[in-house]
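A, B, C, D and E label the chains in the order they appear, each numbered from 1.
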């Protein structure tokens, strides 16, 4: 018999679920003890957490902050916590944390790297957080010239004349394009600044400097060390690798066979070898490849190699962004009469880069972590510096405190950045495009 | 242009050092490099530029040190580097002298009960790589027909850590390094340095091949420090000796109060005075950084003046 | 259908090199190619000049001279009288060894952690998140030196095993010794060994191993045959016979027989002289590198696995469940085949990263190819250019092989789309 | 809204409803956390009945039919399917699931398997049918849904309508006695809706017991012998289609119908 | 299918066709690889003509109009647009593209730019119009498509119909003499189709030369002065709309019309 017609006369109210379906007990049961297997896992995890804390906490807490050498540390700890207690000797961090952070940078000039770092953050802010006013982008475009000047010091006119190169490139683009077409324009825009930087910038700086001396103390890059070195290498490499990476990605996407082959070859080569071999190239071979007699500073050489390294990875990230753009965007741009470079600049790149930001941030984290490798070629990054500190008679034999401090600093940086990139990924995923 | 002109034009000496070796080179809490090797760099800077702080220290590893020198990144390398035939001839460097006569030895815990390196059959031995040490070690064990387990390590700090923790039975490196390391132990007396010295390790500063003017400057700066000790010239009495030239003409020539040795080198007349005043004569430097009164506590041994039965022998200043 | 009329002939003008799409790409490519060649020529020319100035013409002759240094861990025989080339080969094998071990452990850990991160158990999921965050946000080099320090500082020395009041003891009936010089485990020995099979290049392979592997291959083939038979039966009758005991049997029994025939026994490590002797010695350097690389990479693999599983639409599980499939079968027949497609490509690039990161071995003195060819050989001979170039070539070859495998796999499993 | 009634005449001869009970739900309640989704559901479905469930979005339609093959758990009340009471006993669940076929809004075909493999997977692994036989059954049902020629393609190569027909064939291959449909046409383009509805009508003509969540009122009129209207987790009204559409009783039903038909 | 003819009366006064030739295609062939997509196309479009192109899927309609502004290259024959022969010379291509506006099926608005920026981008960068003027023009055309109030929003915030109208405005801002439309309404929901068609009708009334690929037969009847039917890469039939719909000559046309109108 099929069911009878039925009409509900009154609507039922919503009722609370039965007791087994809510409350903290339910939470415990569902999240920690939902089955015997889960219960075992929970107990094991609790045991593990307890084990780790029981060993690490006393060591961290029963420590010495004031000693001047490892021996003194041991005495102090034995005195205050009883003999045989093992405790951390944080005194080494107290004495050396400035060195671990700034290396040999002159202490009266510490404000410069701090200011530079702050400026970098400020410049990144409008790029990273689209909600901020667009006018801040002007700051972003001056910072790449300002920050190196703050770090290395010297004449103010040097960054000015280097920035002038960028201006000249833009001018060349605007001048040449109407006369000789956009391809010639782009070539001119690439060539003019390079020529200027190679031949014009030096004399111009000299001239300006003699006309109006404006300079701050210059600091050799040998004085760079500790975290400042890591951050400098990381930021400079990422900033410089971005344009190279864009060009490589465009090259790899293009249908010009030779261009494509060259780009693919470069990218795959760099990605195929470990960074440490590239650092060997920087420290051992780069001088062979340059004209006899040229020799420049190891940190610059390292930055060059790390930049190339980052550029290859960046190219792949940006290629992913380009691939994610629908073909219609290219076609619509073409149908409006935009040529290749204009379409790239106005339509494609702004979108592709935005999609790629999480990938770029991840690349940056990777490069930043990899800067520790420079300790292997003798640069005094935090890890390298920890060795130097351990070579001091007073601190010979100290291990965990230094490693712990360095690890904690790296963790704070990288964790913050990875959170940011996750936030971006979520935002991009939900954003209407 | 020659390196000397470059250095003068630059106003700084670029000096390659170790990334950190107790007593020989390490940055102190103020970020100043200190140590026996470092002091030689400072003396050269003082001699050439008149300012013992006009030095840029470039920390180098075993792998990068020769490239740094060959490429001109550094002007001289003072990094406990052993003078060997191939380095001098094949790698094309010029060793200008010896600032420390060393030899490779072994350190073992007393409790091991070993009294000779020949008893180390089957032992685990920590060696610092990138030096001649591993070659000497291989040779020693091969000639004595005994086996060993090498544990290669990158830095002295790690070697010490492994040795102390018992991860190796013996630690081998230059005797100076062993002594320096032992000195920092909680209980130095619990460790012995075995009598065998398995190699000759003349450690000295080196410069590039083919720049004899610069090699001379470094060479004679080193000799000036050595000679100063021989003649009793110290940083304490040097001012007085310059003011009242002594009867010893050798001292006068060294200090520039007589003759013009300095200008012959392309330096000022009082170059040696500045070099000695930078940190003291050889003996003073030795005592200050690695000698008996330092935690490192090295005896002079081979590094005593020839007059005391050592090997230090500065050619005449004339 | 239609005659192709040839395009109208146009007279060529120079301007067309830039304006005409047909010539333009050619022009660009020629410009780029000549720029690249000029650049290369410039670099090579500089190098030649520099080498001439230094008096060190490129030559690989040093590879055939005696290395004169010892390597503590080798998979093929090596003495300090062997050549630099052989030392490099020993290093390469060590690189491959740690890479293979590392990939295996990283995969196991990564999968475990990735799956546990999705666990309904709140505590476990949190712990695994903490693991992932901690490991991937601290540089791998730091982990390597950290691991080494832990092994050295926290484990007992061989001395602690000695005497009446020994503070440490061997595990599993005196068969495994965990010391701060490494772990000693029993080694397989054969009292009736078949001897070695010499191969060209002074490499020798143990015939016992060959026999065991051959028999293992045979056993696997037989097992596969049994599986195929089970499948045939299932296809024919719908019932799948239980075959695991048979399949296990054909693998295990012949092996056992062979081992008995070869006189297989274990060589236990024992404390003699300064060290444990006998057994297989897993050195600290290997262990530290292996553990650090594996734990570090496992954090990344865990994320990949998690993403791979999450990438499979819930609908797939529901549809399979609605068809009456059991959870185990759903995992095996529906989820895994799909998730693997998502997981494997990034997984392989993690393998690649691990292999490249193994070059950090020098930080703990593990003699991989960077430690031999790029380390001591380079130091002793002063042949930077040759050593570093060779080193890069070796890594490049490894990478290219791994990515070739990856591309092959990707092409094979790509989902068919419209 | 396409109206399949023009397309062909329906053979109602075999669509008789028998007395046997296929599904009996009594006093069933379900909560998501503390949100009360299904409230005191009572519903009896007889063998051969074709029931259309409709109602506003979020009213619990999907949840209801997902409870019937226990893709969701209910917290109180009872559900008996084909004589088997649904409890947390795994065996019961397995039995019920192989008696009840389900078709989803988004098809949920397995993209890594061919169409044929999609259809034979469950018979082989759950029903333990020999492969040959499974293939024959699969081809039979693929013919029934009129796409035998696609058997060796992959789901990604098919249009949406074709995929949904495969999903129906896949469910039929388990020879279920009851079929559940959760908005089977709402993810499809208009041209494709018709082909899927035709397939479902053919199924109804063969006397299959069907529970269909859909807003295709043409289909409901033509095929259903009962329409159930749900709102806020409760059954508000149920009736034969003519009565339901012609003379809705409840205010909510009227409102809903005016919205959906006015569109 | 919505029928805009009910919506408003069409002002045909300005829709006269002039003698001037806007597009002349002669003996044009195109291959994709070895697949012959367009075969011996001959077509002359006069200034002010409004041509509707229809035909089954895959018949080459899109390819044809994409050839006209050289989004695709043709391999033989000639295409002359507004007196400019399309060759591989970049300058010609640029000129043609700024004479010819194109509207795509999927709008292809630039999602990172506001509506206004979408409309001013090309005038500023290609036509080198001062920004102020470009904005004025843009607002003018946005008013014409009746969404001036959306000017500062982003495309993602607009409905499909609004987006398509913006796409039309964007093309118009370049002040093209010819407009190409590739199925401008097929990605839209039925309610939105009408608003876009209305916009296109308004454009036609102003005498714009238009080539429209569409299956909106109501639009064709009302606006077109020629309907072209394509199949397998060839023009099979062309005629005035009344004749085309009332009395199709070719069998293929008849079949196609029966399918599309019967639906």
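In this section, a contact is a pair of C-beta atoms (placed from the backbone, for glycine too) under 8 Å apart; a residue touches a chain by one contact, two chains touch by 3 or more.
Quick caveat: nothing in here was measured; it's all calculated off a predicted structure.
> Please find the path from chain B to chain E through touching chains that uses the fewest steps, and give that number.
Each step joins two touching chains, and the minimum needed here is 2.
> Go through the assembly and pull out the chains touching chain C as well as chain D.
Both-contact set = A.
> Which chain has its Cα centroid closest to the overall Cα centroid?
Per-chain C-alpha centroids ranked by distance to the global centroid put A first.
> From the centre of chain A, which chain's CA centre is farthest?
D
> When the CA atoms of chain D are placed over those of chain E, what is the turn angle between 0 and 180 degrees, to the nearest 5?
Copies differ by a rotation of 160 degrees.
> Look at the interfaces A-E and A-C and say which one is made up of more C-beta pairs in contact.
Looking at A-E and A-C side by side, A-C shows more C-beta contacts.
> If I average the CA coordinates per chain, which chain comes out farthest from chain C?
E
> Just the number, please: Cα centre separation of chain C and chain E in whole Å.
Once rounded, the distance between the two centres reads 57 Å.
> Any idea how many Å lie between the Cα centroids of chain A and chain B?
Measuring from centre to centre gives 40 Å for this pair.
> In angstrom, rounded to a whole number, how far apart do the mean CA points of chain B and chain C lie?
Computed value for the inter-centroid distance: 43 Å.
> Which chain C residues reach two or more other chains?
18-19, 24, 149, 153, 362-363, 378, 384
> Residues of chain B touching 2+ other chains?
In chain B, 63, 67, 70, 154, 161 touch at least two other chains.
> Where in chain A do residues touch at least two different other chains?
181, 280, 284, 287, 376, 399
> I'd like to see which chains touch which, written out pair by pair.
Result of the pairwise touch check is A-B, A-C, A-D, A-E, B-C, C-D, C-E.
> Taking the touch rule as given, give the residues of chain A at its contact with chain C in the complex, in rising order.
Touching chain C from chain A are residues 30-32, 34, 38, 41-42, 45-46, 48-49, 180-181, 183-184, 255-259, 262, 268-269, 271-277, 280-281, 284-285, 287-292, 365, 369-370, 372-373, 375-376, 383, 399-400, 403, 406-407, 410-411, 414-415, 418.
> Would you pull the chain A residues touching chain B in the complex into a rising list?
71, 74, 95-96, 99, 103-104, 107, 220, 222, 280, 283-284, 287, 293, 295, 297-298, 376-380, 384, 387-393, 396-397, 399
> Give every residue of chain C touching chain B within the complex, in rising order.
Within the complex, chain C touches chain B at residues 54-56, 68-72, 80, 148-149, 152-153, 157-159, 180-181, 272-275, 277, 283-285, 362-363, 365, 367, 371, 375-376, 378-380, 382, 384.
> Hey, which residues of chain A end up touching chain D in the complex?
Touching chain D: residues 1-3, 5-8, 11-12, 14-18, 21-22 of chain A.
> Where on chain B is chain C touching in the complex?
Going through chain B, the ones touching chain C are 62-63, 66-67, 70, 86-87, 90-92, 111-112, 120-124, 129-131, 134-135, 137-139, 142, 148-154, 158, 161-162, 165-169.
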